[in-house]
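I'd like to ask you about the structure that follows.
Letters A, B, C, D, E and F name the chains as they come in the text, with residue numbers starting at 1 for each one.
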């Protein structure tokens, strides 16, 4: 029983990521999509927020959205995946929550 | 030459108020409308944010939006005004910025 | 029967999300599913007593919260942390709710079949 | 001639705001007004070099930033604080911009005839 | 004073179009002149003639249409925003070979130049967003 | 697996409907079955047959319409959301005495019960919002 948390809004202008991180259990996963991928950058503000995640929480960012935005130097805790992996993640988890 | 800053989104879920407060000059005014009126409550989180405002900045909240949301115990630094005062504020300031 | 959990996260009048979430809760209850209705983040503002939206041309959509019990929606929660941040207590709310902690919310989410955040 | 200032505050692809702001800037330039184009908050992401939105079915709308000079839009600013928060420097940007401080932004806003934040 | 208003938020899912209408009513009431109301982005949905509200809810599109006609206001809907969102007058419907037009009475489709013109000819411009 | 998808964001001003389409394509590609796609709130604008995109931009409404027809998917537009936003099929246009219908081919108007039904009959439900 684990949950996939899908975060689609910018962490600089929305509390969606914060809510997701605080609600996630350690065997859950976070998937950043759309403007949510900005949370994948190496920045002090993001590190502080990510520290709220339960230890061991897996973090992913959708490649199509990362590439569209030309984000480079993603933090190493986050794995870039494509839509087919997105589908796999949905299947591997019992349910999903979309945080907008 | 002073500016009316109109803030319409919740300070708990948007950086609009923060941007407005940091951009405002001391002879400007802030008007909270729509979900922006939640910034008018007495709460530690809001006090910290409001402390970023230049001293002497005038703050207003739109009565119709405050009453719709049944907000009570507004902080005393904020004056409740109606739409006719909103129009007056627009005229009294050289320009306005709507922060959403 | 499935467990459908709704996370109401937006303030009541600035957007249509609160009403959209409530309508989903009621539809789920009509189908006699197990419903959890959780108010969190700005969603806790939906619970506040005394909404008077006539001045903004809106209907008091949240008055329908009173009817939840009739629909058999009995598992109504508010995230304690969200209430506290907004200086709200049970006394400010129009219906009785169970306060829940982050850990309880996490468990509720994990044990649901479908979770919808609006 | 009036001074029209635009505050581009949203990221480029998740919403249509960035394109909407750019279109307003170009329309104002066609009318030969004095235009200030300020990128701040998530709006600084619009300036980043190398956008490749084909994978999300979008056009590279920000490529039009290159044409601003042709339109006579020469007062292009980025709020330094917003760049810094996002670990961005001039080297990441596709066009040269003037870095501005909060105080400079305040002065720019106050001295404008119309300010539009999108 | 001469005031122009821009609206960018969706009339059904956001509050902007309602706030803007109340503001315009108050401005006229105070004796000011409204030079133009410009609907941009999702606010162009205000111009849909096909919206149907539940009986106990106010139809904001109808309220705006009635308001601009009663006061003979210049109410411009951005044509570029409108085309993308499927808000068409008869001539656009014909031009793009669409089966119907749906622009509500009182509104006109035109370009962003109308907004710039409003900025040049107004003492104050106020925007209503999300 | 049997998957259902809900979309709530506006197709023109937000990215949700695009993300949802890419997700559905990938799900079919991986051999899963899509039980239903449910369009709610501003996502019902996906069903407008009147939208016109600039020549160099993709028309997401057309892409969705083509996709659901090609794969014979059950694509339901929430009727309550649609009426408020002026998205009508022929029978609703007649019922409310509106001059035109504008529902795109491939979509059906129905109630929230269809979404609950999708939850009951799917292994997974994924939502695409803002």
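Assume contacts are C-beta pairs under 8 Å (C-beta built on N, C-alpha and C of every residue); 3 or more make two chains touch, one makes a residue touch a chain.
Given the structure is predicted, the values throughout are model-derived calculations rather than measurements.
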Shared interface partners, meaning chains that touch subunit C and subunit D: A, B, E, F
Chain separated most widely from subunit D, comparing mean CA positions: C
Most distant chain from subunit B by Cα centroid: F
Between the pairs A-F and D-F, the one where more C-beta pairs touch: A-F
Euclidean distance of C-alpha centroids - subunit A vs subunit E, Å: 38
Length of the line joining the C-alpha centres of subunit A and subunit B, rounded to whole Å: 33
Distance from the mean Cα position of subunit E to that of subunit D, given in whole angstrom: 26
Approximate Å spacing (C-alpha centroids) for the pair subunit E, subunit F: 26
Multi-chain contact sites of subunit C, meaning residues that touch two or more partners: 13-17, 41, 56, 58, 113-114, 117
Overlap residues in subunit F, where contacts from two or more other chains coincide: 8, 12-13, 15, 19, 22, 41, 80, 125, 127, 129-130
Shared interface positions of subunit B, touching two or more other chains: 8-9, 12-13, 15, 34-35, 64, 95-96, 98, 100
Inter-chain touch pairs (all): A-B, A-C, A-D, A-F, B-C, B-D, B-E, C-E, C-F, D-E, D-F, E-F
Of all residues in subunit B, those that touch subunit E in their complex: 6, 8-9, 33-35, 64, 82-84, 86-88, 90-91, 95-96, 98, 100
Parts of subunit A lying in touch with subunit C, wherever the complex brings them together: 1-3, 15, 19, 22-25, 28, 94-100
For the subunit D and subunit F complex, residues of the former touching the latter: 13-17, 56-59
Touching residues on subunit D, where the partner in the complex is subunit B: 7, 9, 40-41, 81, 102, 105-107, 109-117
Complex contact set, residues of subunit B against subunit C: 8-10, 12-13, 34-35, 38, 41-43, 45, 63-65, 67-70, 73
